[in-house]
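Two complexes are shown next, each including chain A; its partner changes from chain B in the first to chain C in the second.
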Partner chain A sequence: MTALEIKNLVVHYETPEGVAEAVNNVSLSISSGETLGLVGETGAGKTTIALTIMGLLPRPAGRVIKGEILVNGENVVETSRRKRKLHSKDKMLRKLRGSSMGMIFQDPMSALNPVMRVGDQITEVIRLHGNMSRSQSVKRAKEMMELVGISSVRYNDYPHEFSGGMKQRIVIAMALACNPGVLIADEPTTALDVTIQAQVLELMNELKRKFNTALLMITHDLGVVADICDKCAVLYAGEIMEYGTVEHIFNNPRHPYTLALFNALPSLDKDVERLKSISGLMSDNMNLPTYCTFYERCDKRCQRCSEGDPVLTQIEPGHFVKCFHLAQEQEDKANTPASEVLLNE
Partner chain B sequence: MAKLYTPAMAAIDRKRAKHKGPVKQSTPAREAWKRLKRNRLAIVGMVILILLILTAVFADVLAPYEFDEQMLKERNQTPSRAHLMGTDNYGRDILSRVIFGARISLPIGFLSVIIAFAVGGTLGAIAAFNGGKVDNYIMRIMDIFQSIPPMLMAIAIAASLGNGAVNLVLAISISTMPARSRIVRAAILTVKQNDYIESARAMGASSRRQLIKYMLPNAIGTILTSFTFSVATAILTVSSLSYIGLGITAPTPEWGSMLSAGKEFMRQAPHVLIFPGLMIMITVLALNLFGDGLRDALDPRLQ
Partner chain C sequence: MNEILQVKNLKKYFPAAGGTLHAVDDVTLSINYGETMGVVGESGCGKSTLGKTILRLIQPTAGEILFEGQDITFIDQKKFKALRPKMQMIFQDPMSSLNPRMSVSQQIAEPLCIFKVFDSREALYNRVLELMDTVGLARRYFDTYPHELDGGRRQRIGIARALALNPKLIICDEPVSALDVLIQAQILNLLQDLQKEHGLSYMFITHNLSVVKHISNTICVMYLGQIVELCNTKELFGKTLHPYTQALLSAIPIPSLKNRREKMLLKGELSSPVNPKDACRFAPRCPYAKEACHNSSPELVDVGGSHKVACHFVKEINGI
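== the complex of A and B ==
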């Protein structure tokens, strides 16, 4: 069952300096119990996608220009600028947040209210959505704490009495307390050290399976993707460059950008002086080119790349790449626009 | 599932729970109290403040004479055993008047600040929370209020409403309200940027809940501190207004009006003026010391 579906999402930030095109025509879908990794460098639009799903885009700057996001079949975005419409959407979103979709934030140190007992913070989510009595909610919160590996003895402790990894587990417990169908994790392990990272990832994977949650994992760590994701989308300048199962992306990466990303990874068996980098900078999303956004940095660029913008094309079942060169190769095969294939999946 | 919570850990926790038992929990308030206790000056301020409040409460027990008891034979006497602070030009015992004066100055000071914070603070919080147009409208109105110097405004209000404690409270609270709303607005704006507010939104908390349960408790440090300082200023304002005859009328003792009455005899009997002045000074000093300590204690970064 598809738990989260994003269709042709376009998000702009309207600032005094100009319009920043943060997300351009992104389509994704995640089924229950599945994990999709969203990778990309800083500014690629990963967090904007997460915030749009939760309806937390900063207002009035952030605006959804077009597209749909379906959470359990319900559209959660409002493209209209009308106040009243936004307001009614807000009310609906408030019910969905926490109950149908949960979010894990990047920095556990600051994601918990410092003046509230951690147990109460978990109870609060349950009270907001769960239709449970106070004592039942407390019981459920304690269960959640045990589930993420923190003794319920510590229900009455304050966030400053926990370590970073434990705080992140509390945040996970909060996000999962009402058993949401969709869980969005925005770089959940970036602020943690490596051993704790592994623990937290394993925990998330475990809980995802237990609750059959669709997990959107936002990260810039390819190792994390390889570890727990089923599918992966490589984002660049607000567009999906390559999309497929983890096997597709890791065993058979095709897009020049994905290849460059893998090249930039340090290798364990080779001794190199300097790590490889991708030359140049990501194109300014206030001023995106009309041609391929990766053109300036691509080592395979040709005349055609500077003339038109390629579309996401399926090159093998379930594996999509947004590049002319690969589309060319596959010309006789499938060159149906990606969004259609995706939706028919 | 990964054995994150091992039996050994569970055993430790159980032991801990058993031994600790009803051990006092470390709450933010308790931590703050611990830090406050370390600050001697703040404790001195707090003790003086408590003594002053007790004085006001038990004024009739403590005062040796009635505040309006005139002993015309003993006018303008210097301090003696019978009159520890001497007497004024009507032969009234100054000590008794100072003690009863605490009943006027302190409640008016506290009450006016409470009202100013309740009204101004609420407006400031609403402005900060909503931002945009709402913020603009509220704060521009406050700006208009603030364009009149608070002292002048207090004088104008007190003069038009007439004398009396209630009018005095109104005058002070209205004139200081814009400044208080700014303080609360600034505090909420700072807290609003924190991740846990976004996290509260992400779990579906309503606006009111975000404001009351998440923002206010985190902003309370700043607000509480400026509260104590404001009380000090308010007491000074009461005294000033009384001094120019707009506050409390005779024979009710008020420190400011006692000062004002004493100024005529400043040369012959300076004690008439010195003691109430001293009381104002001590009260303001105590409030400032306590407020200062409170600010440090409530800021967990200043360990």
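== the complex of A and C ==
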């Protein structure tokens, strides 16, 4: 069952300097129990997508221009500018946040209230969405703490009394307290050390399986994606460049940008004398080109790439790439008569 | 003499609530000319303190630091100033290590002005341009300020500034941790090119084992202020001996599906470095810990081929 579906999402930030096109025509879907990894560099629009789903875009700068986000089949975004309508969506979102969708933020210290006991912070979520009495909520909060590996005797401690990894566990407990169908994790382990990261990822994976949650994992670390995701979308300058199962992305990456990402990583298994990096920077999203956004940095570019913007094309079942060259290849293959394919093989 | 830097039994203790915090405890290592020593460990293991203590940005508590054979552990700041140009540092976060109110050229020129390297403004100007070319900063950034640049370019200013006085040793404290992978690759390549061209020696402090593997000749793994494993890079990744290094290696998410493997998950977290007991500091999290581990601290011993490990049961665990 599809738990979260994003259709043709376009998000702009309207600033005094101009309009920043943060997300351009992004479509994704995640089923229950599935994990989708969203990877990209700083400024690719990963966090904007997460904030849009949660209805937390900074206002008035951030605005959804186009598109739909369906959480359990209900559209949660409002593209109209009229205030009254926004208000109705706001009410709806307030209900959905916490109960149908939860979010884990990157920095657990700033996600927790420093002057409130951690137990009360978990209880608060349950009180608001769980439809339970006070004592039941406290009991449930204690259960959640035990579930994420923190003894419930620490219910009355404050966030500063916990280490980074423990705080992140508390945040996970809060996000999952009402058993939401969709969990959005925005760089949940970036602030943590590797051994703690491994613990937290293991915990998230385990809980996801237990609650059959759809997980949107936002990260810049391809290693994390390989570890726990089922599907992966590679984001560049607000657009999806490549989308497929992790097998597609890791065993058969096709888009020049995805390949560049893999080549730039120092590897633990192979000895590489020199890393391959591409020059230049990501296109400024205040001034995006009308042609392929990766054109300037691409080693396969040709004239066609500077004339039009490619669309996301399926090159094998479930594997999509946004590149003229690969789309062309696919077309050629399709046009080749079956007899020739046999001959070539 | 092969070693540019020798550190012997270096200790740095800080007074802390309830006792002394052993940030760096009995660290002994050496770096050869033109080579890179990688220092890895999790946050709080004392790797940054080690780097800063070697450069005397923090005063050591005890031990010995020899730079090109000269003992610099406790020499006074005036004498030390003459040595400063030879040893420089690149910091992690370029935004907080650069002065926001100085332009790119001013930042790079500052060390040259302090040490009065040039008499004429023109010579200084030319040297700054030369340095900007060396690190790949376009000349149009000459008069820009750090906030106008992206992270990669800011880090290049930090590198240019460190190179300004032709140092021999550069201590790089997490120079690429704040950068995206494509930029990280550019900076790592730059550092390697500079090493070849200028014969630099690096001490490369990072928490990222794959980066350290890529750039280092020798690696030193630290845990709570102490070295737990020290050997050359090939040996470490071919034959990991200390259980902590094994766990660290297994915990790294690898961007490949072939390696989706069972992880050696460590339980718990770093124990407190305040008043540590005379015991193996890794014992509380070690899956192989026995009674002896909780009663005495293991020495860093050579197990052959200059591979040093601090573990009581290294032979039993690895079957050697």
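Following the convention adopted for this analysis, the second predicted complex is superposed on the first by the 324 of 345 C-alpha atoms of A that agree within 3 Å, B and C clash if a C-alpha of one lies under 4 Å from a C-alpha of the other, contacts with A are read in each partner's own complex, and residues count from 1 in each chain.
Here is the rule we go by: contacts are C-beta pairs under 8 Å (C-beta built on N, C-alpha and C of every residue); 3 or more make two chains touch, one makes a residue touch a chain.
Source: prediction; values computed, not measured.
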Partner chain(s) touched by A:H220 [first = chain B, second = chain C, both, neither]: second
Contacts of A:E329 with chain B and chain C, given as first, second, both or neither: neither
Partner chain in contact with A:D309 - chain B first, chain C second, else both or neither: neither
First, second, both or neither for A:I150, with chain B first and chain C second: first
Touching partner for A:L265 - first (chain B), second (chain C), both, neither: second
Touching partner for A:E206 - first (chain B), second (chain C), both, neither: first
First, second, both or neither for A:T42, with chain B first and chain C second: second
On chain A, positions contacted by chain B and by chain C: 199, 202
Chain A - residues contacting chain B, complex: 54, 56, 60, 93-99, 102-103, 105, 107, 110-116, 124-125, 128-129, 146, 148-151, 153-154, 156-158, 160-161, 169, 171, 174-175, 199, 202-203, 206, 210
List of chain B residues in touch with chain A within their complex: 1-2, 4-5, 9-10, 13-14, 16-17, 25-28, 132, 194-196, 198-206, 213-214, 217-218, 300
Residue ranges of chain C in contact with chain A within the complex: 42-43, 150-152, 180-186, 188-189, 192, 207, 209-211, 213-215, 237, 247-257, 259-260, 263, 265-266, 269
Chain C partner contacts - residues on chain A that touch it in the complex: 41-42, 163, 165-166, 193-199, 201-202, 220-227, 246-247, 250-251, 260-269, 272, 274-279, 281
